[in-house]
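Look for chain A in each of the two complexes below; its partner is chain B in the first and chain C in the second.
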Partner chain A sequence: MTQAQPFLRLDAVSKRYGGRAELAVEGVSADIREGEFVSLLGPSGSGKTTTLMMIAGFELPSEGRIMLSGSDIVGIPAHRRNFGMVFQNYALFPHMTAFENVAYPLRLRKQPSSRIDEKVKRYLDMVGLARFASRRPAELSGGQQQRVALARALVFEPTVVLMDEPLGALDKNLREQMQIEIKELQKKLGITLIYVTHDQSEAMTMSDRIAVFNNGRIEQIAAPLEIYRRPETRFVGEFVGESNMIEGRVGDATERRVETEIGEIEYGPDSAFGAGMPVFAMIRPELITLAEKLPPRNGTQLTVTRTIHFGDRVSVEGTTVGGTMLRFRASGREAAVCATGRQVNVAWRSDDVHILARGQ
Partner chain B sequence: MSAADPTIAPASAAANAPSGRHAFGRGLRPWLLLLPVLLFVIGLFVLPLLGILRLSVVGPNGLTLEAYADFFSDPFYLRVLGRTLITALIVTFFCLLLGYPIAYVAARYAGTLGTALLLIVTMSFWTSFLARTYAWMVILGSQGLVANVARVFGWEPPQMLFTGLAANIGMIHILLPFMVLSLFAVMQRIDPNLLRASTGLGATPFQTFRRVFLPLSVPGMINGCALVYIVCLGFYVTPELLGGPKDQMIARLIGSQIEQLLDWQEAATMAAVLLVVTLTIFAVYDYFFGLDRLWRS
Partner chain C sequence: MTSRLQSSLIPKFLALSIGGFLLLPMLLVVVMSFGEGTSLRFPPRAFTIDSYIVYFTSAGWMVPTLNSFIIAGASAAITLLVTTPAAFAFALFDFPGKRLVRLLIMMPLMVPFIVMALAYFFFFGQLRLLNTMVGVVIAHACLAVPIVFLIQSANLKSFDWTLVRASQACGAGHFRTFRYICLPLLRPSFLVAGLFAFITSFDETVIALFISGRAASTLPRRMFESVRQESDPVVAVVSTLLFAVVAAVAIVIAWRREAGRSRSATRDLERE
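Up next, the complex of A and B:
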């Protein structure tokens, strides 16, 4: 907000596909800084790809403006936007070698061939594919193809790089490796990157900020930890990570207490809600711990209904007398205490309770 | 010749493979499945072809290459052969020229327009090509549509029917659907994301077409050209009805050898020459353009 002029700005952008009643994207606004890594995270069909396609220039917004350094780019065709794009299925040209694929944007820009040669080699080297320059896409593995696509999207030093689930087709190990590589390249080259994914851990580890999409809208756009600790809507809280959402009403606003079915819950200092407002008290499972005695506040007794072992830790589900379900984590050593059917006491710290608005 | 003897094969197979009948059965099974197809192909294609080749070299006094000598020493025959090859080339060229945009639109605009185009093109498959040939006679005749429209504008058109032009127009019209469908089959499989990727990397629509779409459609062009060229080489009725006596093609020549001269040997020779010439053209093409390299993607 301190910056006078954002680099890339989406201003109330909406998209309705021809002949459809509902909006695919509805009033999306976001300011993206130069050199920032922003993820668009959301479930399938939430409008991530559509938003990206409008930024790239492949789809026209039905309403709203897209501004780059202060000027509207909606009227500029995709091929003159100078944005780099990486697709999920790589979209490498099958009739060209890896070298020619990477050289393609440079040839279009009529750069001298000695310079093309030098740059393509440098970028192929950067993604660790110098040895594979003369191979065709069909002769490369999925991960190698994705690296070629990456080099091709970066080699012409685009203003903004757009990626649509670029790692979706790779196996878990390779995906994690590529996440690190992309993040490092982005930092090293200072690239402004907009990254579509429906994998929340991918968004958490790579992004400077995450825009959480739901039903064509951005529910919240903030830094990963902010999204995790202080989600603004129930959807965000439940989509990103696991959470316990306890229904209640603000009781005493100055004492910061919520009245719920499991008793009064105190919450942290950073929420402003008036007395009587319907809210959720959100507590992450890893912030609930087993307690010897039942505390007077910020705790409850549970009957364990289910435990799932992950080796080093256990995920436990239990219900209160009133029927509220809570999920929490226990260490491997505590597993025996949490056997199904046992009664346990759990507690949490008031600072770890986050309050968010609840519709009536 | 002795493969037909059923007692020999199993015995030797058992001797080679210690696991006996099982291994033999497994090795044989794919061949059993292929057998009907194999019989069909051999019976209806390979044997007749061999028969023709035999016919061309067996004279009244045993083996002879006399018919071939006759063919290659007769300038008229050679002229007809040359004309056939060139006509087929022209027809193929124009089919490609006209068919490419049709297939392009059909493949790229898969909605109503593309479907309608494809339907119209394939519909001409359902009308007899004889009927279509006669239609051209009506259109191109001296009192036909084209001539009368020209006269409205005060221009007396030259003779069109019974010329090479009419024959070529008729053949192009009949063969165009083959070209369009061959092209369409390949174009339709070109990933639209590739075209988007190209645009995103800075290519104008024309550059995207030139550098991505066109090269990727080459296999379709080769398929279509090969198909049209080969079918055109054997065209008989259409050039006969629409063209003049000077526009005779080799199929007509083969026909008259049989019908009028009853010279089966010379007819077989011509057929064999046509076959060899065609195969040679494709061998040369393959050598220079490497068909298999183009298909790999």
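Up next, the complex of A and C:
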């Protein structure tokens, strides 16, 4: 990457709401490339929506800069930023038809009516609503309304598109279908998209990169698989996907071993931790497998405490002799072996063990 | 079966009897307005429309009627100009002293009319606003501000403010957002608020009696004088006309609401 400057840059952005002691957003920095799909993922109150509103221009940062192609846009009001926006509750104008809603940004830009006509039709067609152009929002279903909102946010070819939990109000099937549609539109049109969600699977399937928010900070910003495989903090590891976090201390750093309550655990090649450092050894449940006999290392014996059957697979929880709880997956066929109260041996590969720092 | 019949009949009976109790005196006035003679009498000896002709042809009645319309219109306009920005400010912003300002706006509701009338009488005397339309307009606007402010605030409370952000994201500044989004959506409720302001002024008698004088006499004031001095059947005419207008407005509103409901129902059908 020889890009001289990033497309959109958040530079140590903080937000404090009047009179409150704690910061809603604290020193958030991120570089977003042109054409990139970045999700802001986190629990409610983690600062992701506030960050989005500051990018949109609806909230002023208390500190820090927001740079677009090298120039600070903090002082530019929302309506001059040329950013498209999709809201969770659709926010369609109820007194306008679907056509008029999509035409609104073009009319504000004083485009000739023949061009407005052509563009609105093209974008309504793109979201599959050409037939519904003359309907009012009240006459459209939730999914259709959000498609109109999508067309309205894209029709004026905005510099950046911002989405605030756009699928939060839709049912599961429709949500998954819309995820695919939004992702395809974004790729096809080369849109720079910032997408706020609290749904980690939504962020995983759609994004080029995910910024995981917690307590007003970005804990990690990376590609979805990187976030999943190599979370940098305990919060990221536990918020994105399921995980087993085993407390321990690095024993022999060159041999890459962690001393834990369940014995020594070997870890993968890419971690740089010194001997004696307090760490978590993280193993995803699907990477732990049942074993015939107890392996000398990278395995343990469990007493099954709970089994949840999903049909094709089972989620099993068990405790070691020392009381550490581990969760793992087994296939539907292995369910009988994992009945509650039974003793099982489990094993994992050292490459699948990820080490992350543990605070005091 | 019988109990269900009873439960549906009893409320109907009550509604009819209360309606009759309230409406009967008004119907008496309607009958009297068609009565013959120069003074109010029930039952009338013969029916004519003489009193209606008197009302519509005498300057003594037409001038106060016109005055009332002008005063009510002007005070409604002023009231809306004051309360609309105030209601927006209260809905959108938190500012120091917000509760105190709200209390000040609501104050006229807590002061008895007669006290306000006296205060205006002395205060406007010094300002040379006594016996002028301007004086009555100002006094009536002050009276209507708290009521209309409450209505406007309720209107804005149910307004979806994300629409404002959506409009800004589309590229509209504050002015165009107000012009194209807020105003069209809020217009019906603004109209209702304006109607309340108009009626507040049109109906007001106590203050008008004190400060309107002969020069700016309003219709209620003229009616009061008429009843006191001459017991003129024209009063019954005016009452009947006002009654008819109010009934017509109520019927139109109810009818439009009903029409709107059935229209959205057919739309639901189309969507199926």
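We take it that the second predicted complex is superposed on the first by the 358 of 360 C-alpha atoms of A that agree within 3 Å, B and C clash if a C-alpha of one lies under 4 Å from a C-alpha of the other, contacts with A are read in each partner's own complex, and residues count from 1 in each chain.
The rule is simple: a residue touches a chain if its C-beta (ideal position, glycine included) is under 8 Å from a C-beta of that chain, and two chains touch if they have at least 3 such contacts.
Every value quoted in this text rests on a predicted model; they were computed, and no experiment measured them.
**Student:** Should the superposition on chain A be reported as showing a clash between chain B and chain C, or a fit?
**Tutor:** clash
**Student:** Is A:Leu287 touching anything from chain B or chain C once the two structures are fitted on A? First, second, both or neither.
**Tutor:** Neither partner.
**Student:** Check the residue A:Ala335 against both partner chains and state whether it touches chain B (first), chain C (second), both, or neither.
**Tutor:** neither
**Student:** Applying the document's definition of touch, where does A:Phe58 land relative to chain B and chain C: first, second, both, or neither?
**Tutor:** both
**Student:** First (chain B), second (chain C), both or neither: which does A:Ala169 touch?
**Tutor:** Neither partner.
**Student:** Just checking: does A:Ala91 make contact with chain B only, chain C only, both, or neither of them? Give me first, second, both or neither.
**Tutor:** Both chain B and chain C are touched by A:Ala91.
**Student:** Which chain A residues lie in the overlap of the chain B contact set and the chain C contact set?
**Tutor:** After superposing on chain A, chain A residues 56-58, 77-80, 82-85, 87, 89, 91-95, 104-105, 108-109, 138, 152-153, 156 contact both chain B and chain C.
**Student:** Touching residues of chain A toward chain B in the complex: what are they?
**Tutor:** Contact set of chain A toward chain B: 56-58, 77-80, 82-85, 87, 89, 91-95, 104-105, 108-109, 136-138, 152-153, 156.
**Student:** In the complex of these two chains, what residues of chain B are touching chain A?
**Tutor:** 191, 193-194, 196-205, 207-208, 211-212, 215-216, 296-297
**Student:** Going by the contact rule at the top, pick out the chain C residues touching chain A in the complex.
**Tutor:** Within the complex, chain C touches chain A at residues 160, 162-163, 165-173, 176-177, 180-181, 184-185, 264, 267, 270-271.
**Student:** Quick check: in the complex, which residue numbers of chain A touch chain C?
**Tutor:** Answer in residue numbers: 56-58, 77-80, 82-85, 87, 89, 91-95, 104-105, 108-109, 138-139, 149, 152-153, 156, 162.
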